[in-house]
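Chain IDs A, B, C and D follow the sequence of writing; residue 1 opens each chain.
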Amino acid sequence: MSRLAVVVFVIICAAFALSWAVRASVTEGDHAMRDAFLVTLSAFMTLAIMSFMYRDNPYYKFAEHLFVGISAAYWMCVGFWSTIVGNLVPRISENLSDFFKVPYSGGGLDFDLFFLAYRYFYMIPIVLGILLLMRLVPKAGWISRWPLAFIVGTFAGLNLIRYLQSDFINQISATFVPLFVEWHGFGDFFGQLSLAADGQFLAMMTNLVIFLGVICGLIYFFFSKEHVGWFGGASRFGIWILMITFGASFGYTVMGRISLLVGRLTFLFRDWLGIIS
Amino acid sequence: MNIFERLMQLDRRWVFLLLAIVCVITYASSFEVPILVEPEVRSIFQFIDTLPKGSVVFVPMDYDPGSMAELHPMTYAIVEQCWRKEFKVLITALSQNGPGMADQAIREIVDSLKVPKTYNGVSYPAREIVNGVDYAFLGYKPYPAIVILGMGQNFRLPFPLDYYGTPLDSLPMMRDIQNYSDIACAINISGTNATDYWISYGQGRFGFPLAIGVTGVSTAQYYPYLGSRQIFGIMGGMLGAAEYEELADNAGNAKDAMRVQLSAHLVIIAFVIMGNVGFFATMRKRKRGLAEGGR
Amino acid sequence: MMKQQIPRLIVLVFGAFLLFQFFVPHESSEWIYEFLLDWTIIIGVFALAVGIWSLFNVHVEKIKTKKFGWKYSYVTVIGFVGMVTFGFTSQNGQEWGWFFPFVAAVLLTVLMIVQAGATKGNALPFLGAAAFFALCATVIAWLDTTWSFYFQTSVPLQSFMFRRMFDNILISLHATTFSLLAFFIASAAYRAFRARNIMASLLLLAALVVMSRFNPYLEPIFGEHVSRLSNWLMNVPNLAAQRAVIMGIGLGMVATALKVVLGIERNYMGKG
Amino acid sequence: MRHKLKLVLVLVLCAWTTAAAQTDTALGDSVSAAPALPPPLPVTNLQAFDTDNDHGHAITLTWEKSADDGAGENSVLAYEVFRWFPFQVDVVDALRKSVSETRDAVRAFRIDLPRAENALHELSEDPGKLRTIRFNVARPSDSTFELTVDYAIRALEDTIAFMRENAPILKNRTKPLQQDLEKALARLPQAHANYPKDGEWRSLGKALVGSTTYTNTGSKETTADGFFPDYADLYYRVEAVTVDESIRSEAATVGPVQSRGQWFHTGKVPVLGFVLMFFVFTLTFVQMAKKGANLYVRPLSGIEAVDDAIGRATEMGRPILYLLGIGTATDVSTIASFSILGRVAKRVAEYQTSIIVPCYDPIVMAVAQEVVKSSYLDAARADDYKQESVFFVTNYQFAYVAAVNGIMLRERPATNIYMGKFMAESLLLAETGTLAGSIQIAGTDEIAQIPFFIVACDYTLIGEELYAASAYLGREPVLLGSLKAQDWAKVVIMAVALIGMLGTALGWPAFAQMFQVTG
């Protein structure tokens, strides 16, 4: 640890101690010291992470490792309460539910399935879960593939159908756009041809572009055909349209991301420094 | 090494610094910015506005504090509007770190309902919002996809208890709410990919009217669903929130934040232009360099 | 056989079932379906343990090999253990009593165990120390009545320390990390948005148009046309391209899922 | 117009009735002077049948409008629908109610008892805590009452004694009640069969004027109040109601009808069609591939970059960072990423460089470990495999990002490969990677994130390319065959889209309707 680092460290400590004191003096309520400390603490965390923009440094390393530890713990506690106690226990045993003081949901479902009480079938996932734990035993690790296979298989089946319907059939039927909007024959069409935004001509152009865009986009994703000739042209048009879209979507996003920064600024300047009301 | 080359190899930290300075300054100052409302936001507002009294609006707040800044304003505007118009609101938080924040948000909105207010010329009296009567908050369960499917069967399936530990059946408003067939519409305000599940698992399988409020980043992604009428409206990021606040005549954080956003925008655009100027200037030089090298 | 065939069979059976379940509205299929969804959640519970184990392994390993930045692994361990302790205990009344000494004792116990795992030499002294601190912790937990363990109800999730750790550390770290995006977007735009070739230029132009449309200040400069153009971009090419991409993705997903169910694609499952 | 008429009608009626009332009081029997409106004609052709494509527990009624619907002064305002309920239903409801109430009571006791005991304990230790104890003691309501310590202690003791006494009794009551409920439920169909004995007609609700259909649906849960029995003989009747509730047509009755669940959802035929199409395509081309038909695949720059990247890493003696994203093992994109990881790991093992795989989800980690391990086996370098190279970081998006960013800056991987499901973290990771000077290859199906990868990475696989990648890297004919199948599916899409568009243009909606998936 170089002298400079020590100096910086001391300065930073002093600064935050000062801000704590100031904060405490302006906070009212009987826990002023404590609340002030908490605000200062989260301000420190905020700045520690932000310091990453300058370069990797001990303060960022500290914040990062703390973040990992605490978040994992948080995830574990919430998982324990919401999943084990919330979902598993009420289904498997009435006595356990009594112990955990959650209502026993097996009540209504308490019928027999294949001459066995419904709730006993919840032993299967528990067994699978224990098999998953066998990973921790080097020799028997392979058996953990069974639960993994169960999860992967189940969701492969589920997703197969789900995406077929939502990403696929619904989208196809959405491409059935009328190419001739309120068509009354050519005479009528050329009779009142206008470039107005809500005009018939533009509406038709729009639909045409959408349709071509979809087709060319799909052509771009062809793998087993060489992209040459008209095919290549179409696929190039497709990728152009994709690029336009990605650009637009990027531009759109810039909005949202700044707002995150605004949130932090509000914290730093209002809640911590109290400069802005 | 001329100015343009410098421009090309400008250290990104300068970009960071300038952006930070601009944001802070505009944040500190205060001036109004004009807001132009989009039809896809208006449609949400009008759908809710024309619902009959007492209908159930389902507001899944599937975001966590990370996207709070962007999505909270939407929630505040919509839920307040619902309660002002005496609808019942059903809330879930299918994001791991959502529940605490959602709970806090609900409390704040409840407080804001305690004072009479006038929106768009209509003045509403103060209301006392009661948990279980005017709203039910179901809380969080992992695996959004599964939870959404489960609720389609019956809300009690994934949520035997609500967030506060009360059995759903003992909440007055949940008595006659079994599943999606009992809700007027769902406004999914989400910062996670739960929105996909809402569209394909929820709307796709059970077909209730669904509108979404999403972070700016994912907005573009959901326009096709608007086209295929799987959703009837989109609020995109801070801008969408600001537009809704504009419509609901209920100014909140979104409109403030717009200020910073717009100026930050200008900075970024300026940098992009600078970068390209530098690029073209040096490109000519690079070409010349090559030609000389060739001679 | 046990290592290969049975997993493949499991995948096939459950995959096929959920595939057909979709077409069967009948109650009985709903039963089994809801049932399977429950199973997944429950199995996920056990994954918790696997994850935590791996987490500790990594950090013990780091400390053992004195890998670059190994000291910070202690921070992670301390954060984890502290948060878990807060997540399972809660005050009974107002005052704290010996709660924090207890937390300290627990921390020291775990640290000693970690040390015992990490040391290359004799681990016994560390284990001894661990036992000692564990004893202290037990004694405190036994005698002190101002707080108690909650293994029955989720009270601790609302308990003071847990909430504070969440609100003041987790949230601010989370939100700040997220907010770095604002800066990264700026630098990325500056570095990458250069009209190198036609595709890059299209990307750049579309982005600029959309960005300037959302900016009422640029309205007077470019006039109505920009906003109209960007709306057109969002509603026409965007719609088309998104649709194409979505269809492609849907296709890829369906194909992959089908390959998995049929056992054509089995790379995700280990061999041997 | 019709509504105006109704309004007028209402007003007239109101006026008339009040007038009648007055005249009543004035002179005895002048009511007969008032011409009573003739009742409207009943609905005709009333039919009841089980609702289609559902899990049962629903009956749909259809009828033809009453001749007086929207007609002159005795116009119909609504059709009221009745169902015949055997009294057994009330028995069931009562039992159900008492079961749930008992449960709630038992539960309440379980939660309150320890609290009360704790409060008593605290209070007896230190009377000063009278204000702070977490249990509100039962006390007289009058405001003058002053709560004293001994009173509180006595009250607490009483409460505790009461609970201790009653909790077990209640608990023992729940089981028999439950059984009674089940028995009662079992008797329901029989009771329905007894029509018209031991039962009565009950109103289900009103269908507004002009409507000719009504669906009576209920819950499938026997524990829910709105339980609707399947396979029970149900009887319905519909009456046309006018402004004046008392003036209504005579009832049209229908029944018996039973509700049942269907075994196939006819609304989902298109989906089934596509499933079969896929199935056939995949199998056909896989067979072709196995027979050794050589299948061309166009080059993807992103894929070719992978090999060079691994080589580069070997030269620099730096590791390769492979991220599976924040998806769980339930996301298809993650599964696709697994197989890509398999290919990459195999190459890595062959080149004898090292790979780092930080994981976001423990199950994903478990699978990834299996994948990498087996790749090392394939490369015949099983002993080079280190379990720690595939590890779990945390299941919290931005903590994961922070940690991975740290890894990037400290391990300085030569190559970062991002494959799978990425959300907001995409740019955070990719920008840090650029800063660290790594070659970056990304592929995701999150449309919103693709732009960021395109901007910040050297190569990006867009959407479907991610799913094709594993086939590209593996070069196994079977997988290439499935690629071919995907392409043919695209051809079908285009054809369908074209036909559909022309169909809508030339006024042939039938085709488009074929693709409307219901339910």
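Definition applied: contacts are C-beta pairs under 8 Å (C-beta built on N, C-alpha and C of every residue); 3 or more make two chains touch, one makes a residue touch a chain.
These numbers were taken from a predicted model, which means no experiment stands behind them.
J.: B-D versus B-C: which interface comes out with more C-beta contact pairs?
T.: Counting C-beta pairs in contact for B-D and B-C gives the edge to B-C.
J.: For subunit B and subunit C, let me know how many angstrom lie between their CA-based centres, rounded off.
T.: It comes to 22 Å between the two C-alpha centres.
J.: Go ahead and note the Å separation of the Cα centroids belonging to subunit A and subunit B.
T.: About 13 Å separates the centre of subunit A from that of subunit B.
J.: Using the average of all C-alpha atoms in each chain as its centre, how far is it in Å between subunit C and subunit D?
T.: Distance between chain centres, rounded to whole Å: 23 Å.
J.: Pull out every residue in subunit C that's touching 2 or more other chains.
T.: Answer for subunit C, listing residues that touch two or more other chains: 19, 22, 30, 40-41, 44, 47-48, 50-51, 55, 69, 153, 166-167, 170-171, 173-175, 177-178, 180-183, 185, 187, 189, 191, 193, 203-204, 207-208, 211, 214, 234-235, 238-239, 242-243, 245-249, 251, 253-254, 256-258, 260, 268-270.
J.: Would you give the residues of subunit B that are in contact with at least 2 other chains, written as numbers and ranges?
T.: Answer for subunit B, listing residues that touch two or more other chains: 12, 16, 23, 66-69, 96-97, 141-143, 167, 215, 217, 219-221, 224, 227, 239, 264-265, 268.
J.: So which bits of subunit A are touching at least two other chains?
T.: Those would be 49, 52-53, 61, 63-64, 67-68, 70-72, 74-75, 78-79, 83, 87, 101, 103, 132, 135, 145, 148, 151-152, 154-156, 158-161, 163-168, 170-175, 211, 214-215, 218, 221, 242, 245-250, 252-255, 257-258, 260-261, 263.
J.: Which of line, ring, star, complete or other matches the graph of chains that touch?
T.: Basically all the chains touch each other, so complete.
J.: How about subunit A: which of its residues touch subunit C in the complex?
T.: 38-39, 41-43, 45-46, 49-50, 52-53, 61-81, 83-85, 87-88, 91, 99-101, 121-122, 124-126, 128-130, 132-133, 135-136, 142-143, 145-161, 163-164, 166-168, 171-172, 174-175, 197, 206, 209-218, 220-221, 238-255, 257-258, 260-261, 263-264, 267
J.: Would you mind writing out the residues of subunit D in touch with subunit B in their complex?
T.: 100, 104, 217, 219, 221, 224-226, 330, 395-398, 421, 423-424, 435, 446-449, 518-519
J.: Help me check something: in the complex, which residues belonging to subunit B touch subunit A?
T.: Going by the criterion above, the answer is residues 13, 16, 23-24, 27-28, 66-70, 96-97, 140-142, 160-161, 167, 199-201, 204, 215-217, 219-221, 224, 227-230, 236-239, 256-257, 260-261, 264-265, 268.
J.: Of all residues in subunit A, which touch subunit D in the complex?
T.: So the residues of subunit A touching subunit D come out as 49, 52, 56, 60-61, 63-64, 67-68, 70-72, 74-75, 98, 101, 103-104, 107-108, 110-111, 132, 135, 144-145, 148, 151-152, 154-156, 158-161, 163-165, 168-170, 172-173, 175-180, 183, 211, 214-215, 218-219, 221-227, 242, 246-247, 249-250, 253.
J.: Quick check: in the complex, which residue numbers of subunit A touch subunit B?
T.: Against subunit B, subunit A makes touches at 53-54, 74-75, 78-79, 82-83, 86-87, 90, 102-103, 105, 162-163, 165-167, 170-171, 173-174, 245, 248-249, 252-263, 265-266, 269, 275-276.
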